[in-house]
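Structure first, then comments.
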Amino acid sequence: MSNPRRYTLTISCPDRAGIIAAVSGFIAEHNGFIVEASYHTEVDANLFFMRQEILADSLPFDAEEFSRRFVPLAKVFKMTWQLSDSSEKKRLVILVSKQDHCLNDLLYRWRSGELLVEISCVISNHEDLRSFVEWHRIPFIHVDMPGNDETAKAVAFEKIATLFEQYQGDCMVLARFMQILPPWLCQRYTGRIINIHHSFLPSFVGAKPYHQAYQRGVKLIGATCHFVSEDLDAGPIIEQDTMRIDHGDTVEDLVRYGRDIEKTVLSRALRYHVEDRVLVCGSKTIVFR
Amino acid sequence: MSNPRRYTLTISCPDRAGIIAAVSGFIAEHNGFIVEASYHTEVDANLFFMRQEILADSLPFDAEEFSRRFVPLAKVFKMTWQLSDSSEKKRLVILVSKQDHCLNDLLYRWRSGELLVEISCVISNHEDLRSFVEWHRIPFIHVDMPGNDETAKAVAFEKIATLFEQYQGDCMVLARFMQILPPWLCQRYTGRIINIHHSFLPSFVGAKPYHQAYQRGVKLIGATCHFVSEDLDAGPIIEQDTMRIDHGDTVEDLVRYGRDIEKTVLSRALRYHVEDRVLVCGSKTIVFR
Amino acid sequence: MSNPRRYTLTISCPDRAGIIAAVSGFIAEHNGFIVEASYHTEVDANLFFMRQEILADSLPFDAEEFSRRFVPLAKVFKMTWQLSDSSEKKRLVILVSKQDHCLNDLLYRWRSGELLVEISCVISNHEDLRSFVEWHRIPFIHVDMPGNDETAKAVAFEKIATLFEQYQGDCMVLARFMQILPPWLCQRYTGRIINIHHSFLPSFVGAKPYHQAYQRGVKLIGATCHFVSEDLDAGPIIEQDTMRIDHGDTVEDLVRYGRDIEKTVLSRALRYHVEDRVLVCGSKTIVFR
Amino acid sequence: MSNPRRYTLTISCPDRAGIIAAVSGFIAEHNGFIVEASYHTEVDANLFFMRQEILADSLPFDAEEFSRRFVPLAKVFKMTWQLSDSSEKKRLVILVSKQDHCLNDLLYRWRSGELLVEISCVISNHEDLRSFVEWHRIPFIHVDMPGNDETAKAVAFEKIATLFEQYQGDCMVLARFMQILPPWLCQRYTGRIINIHHSFLPSFVGAKPYHQAYQRGVKLIGATCHFVSEDLDAGPIIEQDTMRIDHGDTVEDLVRYGRDIEKTVLSRALRYHVEDRVLVCGSKTIVFR
């Protein structure tokens, strides 16, 4: 909550001996105090992943100077790396259609101080949620998505991309946004667009997953939060969960129960993401919880 | 455990008003004491399902007489029905290959008196588990399944069917039996062959589901117990469960964790089945837990 | 959701043969269509519990006439019984202090049409939540609860009781209301006051349960929804759940995670209660889910 | 499974900057390859905990030499530390009464190669399980525990301690051993005796926890694996889990379901312990999963 300011260093690089020693040695040299440290080796890919949280005040310099000094070390180990500062909150742009359970959940977590982000704006292809969003003093922008008009839709997605830039979004959250993003948009923001899908992927890809689940007679339903890629519902999975149903439950019951899993899974995944706990490795994620 | 003797009446029939009244009226007329009663209407199919447990000693006649007297009522409502007697234990024939975690679990539950069945025999395409099975004084029969010889395999399945009849099996349990049953066998014993599949179906059908799960990067793994049908891993699901994994887990870890879900799911499903709690409705099951 | 109108009949009475037959016979006689039926015998207490949902339109008379005709049967079996009409929504009076996660959750479920109740008013000993409640066009009433002034507190509780009557509340929901109710209030509304306690009872009764859990080093935390009785946190339990934590979690983390269990457990319990699924048997509940 | 040989280094010491750097620097200096690394700071106690797995073959010397060279560093940081070698399996002495579900589970995991330990012997106050244990070619020793004879009991516990020494036990596992250990035994082997208790502690301490749970009407039951201390069921908790029950479940059902949680919780906790993943901090544990 009122955590002291931290720098979070995330690294991926080819695996070899001595990486932890080199990085923690660099931090120790400057009296940096590590409050959380996680490591993972992806054996098949021979890649090493690392995340460290350092108390900002324990260092004699700021994030910029840290980065400048870290460059030579990063080069030696061929690191892809990033340093983020807990005092600079990530900026979310939330896309939503009519279903608002995820939106309601995210806005509550934000206004209660649990989800430490800025919510730059909410974009919707419907007007329904304007009043609720604006009660929070968050900009609400309606972008029309005419059902069958592909040209108009293309324009709408251009507008969404423009708004995302204009509002300086770090992360685009599809909080039950019932439209399929065009490939160019997925590519432009790889690793920055998060979707909540209402099934336990890879089961029940695409439309009406609760109906599919009902038809198949599964005994658990689920939800999946994943990065959006060009392939529908096939991007790297960040978080999933399931819950038990039984033969007495109708499709409507599944939809109702499912809302609770969807919002839980999305909020967890989003917290991991904004705290830089999620690193992508090919089609999979490493999540340093 | 030392439950008093019960008759379990299971019914399915077209739905209409008055079924519960008619059946419970029939039982009450003979002073039958109902200890458990469950109902379900499958709205789409307009079918009604029902299960009642009646104390045997509360009735003035035996199961045979009960059945004889029940026939007219059953005809009126066009019922498919069955009466089973808790003093006649179901007879299981267990098929297993080399992996023995499910077998070990079932035999333990049987010898501790938790799973109230007869285990008629264990059939395997390997010799490995003979000593363990025979320690329980249960017949162990080796049926050779040569890898690439389809003719020999066909003979082996004929032999399995013969053994099933000879040992008067009520239910064939594929407790990690790594062979695909021929269609004629699936058809002959529809609703009597139970398989444990090591994934959360419909995800990861077929071979090496843990490898598939690992490749896809899912955050939960699962297991599914289902009736065997001609379509691979597509029969009516009886029970499923999942558990959380993370990026640090190797395929070997998934296999290891998975064993615990597999045996739990199989033993639960089997208990439901032998207690006549599972009714099939098309491609789905009603499970009166 | 848009379910057809139903009557829900709940019954408890001494156990004996023929109860189901008599009740379902009575309903069938009038062509009543039963859409859900549940039974339970509490063996130790020799009590029988029953719940049936009947389609209102299938009966030739209304709820009043149903009740009039049912009286003789109820007498024969010494039933305590109740008939409720799904078209008459239960009226909730919600009490809350400053923590608003449960309130936010309940109001969302109400406004999305998932929780089928009237929310008569929200009463709080703080002013903080007025704006949010009033955005929903629900009356918000501030009742002052001075910390150490027992006389003033007694007056405040008198006022709460008066408001509950005035707003014709059916059920009083303590949605993280951080005040202990006086015995007379608990007694007056036995079975009608529901509390959410932020631990897995009977562990960690009383104040600061998450601190207690942290100190004890448990590996799971929980929440409990129960009817309020004179004994603190000792009333009949309606619903509970737990979630996994680990050594890395601080008390603040437990509080944060716990909010999600609390609201889930409260909303589930409340749904069971307003759908007349909860019957009290001594210090325990029967919940016909 | 067929993991390469590893050294596992576990450390606890007062927290300060530079510990990770010093230790990983020491390992890197000798080309040690770290395959798993975990850290934790217990803020209240100002203590730092650490666990690292190092590939044995990556080091130019053996465990003894590693230890010799590590001493000076350990002194600087006032470390309590330990180095274990995966090629030296921990030796378990299992104590059991009549209930054998945990024993059956442990022996299966051992003989299937999942639990990498030696089982030195099984000690019981009953003869019932001799045949099953001896089928595994594990010594079975019967130690009589006369119900009311405290002197004879004291002798029996002396004998157990002697057997533990004689069989060179590293860890004593109370796998449903229904006797309370004397304080001197708990003290002598602090941190080396593990018990499985059949409730979600701190609820339902002592005898017949499932009966207590049934009486209280809880909606979940649980099990707890903990280190044994002089205070009954109050030692540091290693692992816990819960499962859902409902009003229809009898005490016998709770006992039956509970067995599955007990064995799962015990086997998980035991695996953590033998892999040196459990570090004790006062009355709590750090578990580096």
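Letters A, B, C and D mark the chains in the order given here, with residues in each chain numbered from 1 onward.
As a working rule, a contact is a pair of C-beta atoms (placed from the backbone, for glycine too) under 8 Å apart; a residue touches a chain by one contact, two chains touch by 3 or more.
Predicted, not measured: the structure shown is a model, and the values here were computed from it.
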Original post:
Which chains, if any, touch chain C and chain D both?
Top reply: A, B
Subject >> Chain pair showing more contacts of the two, A-D and B-D >> reply: A-D
Subject >> Taking each chain's C-alpha mean as its centre, the one farthest from chain A >> reply: B
Original post:
Could you state the distance in Å from the CA-based centre of chain A to that of chain B?
Top reply: 41
Subject >> Computed distance of Cα centres, chain D from chain B, in Å >> reply: 36
Subject >> Of all residues in chain A, the ones touching two or more other chains >> reply: 36, 248
Original post:
What residues on chain D touch chain B, complex-wise?
Top reply: 1, 36, 100-101, 104, 108, 112, 114, 135, 248, 252, 256, 259-260, 264
**OP:** Could you pull out which chain D residues touch chain C in their complex?
**Re:** 40, 42-43, 200-204, 215-220, 222, 236-242, 246-248, 250, 283-287, 289
Subject >> chain A-facing residues of chain D, complex >> reply: 17-18, 20-22, 24-25, 27-29, 31-37, 39, 41, 58
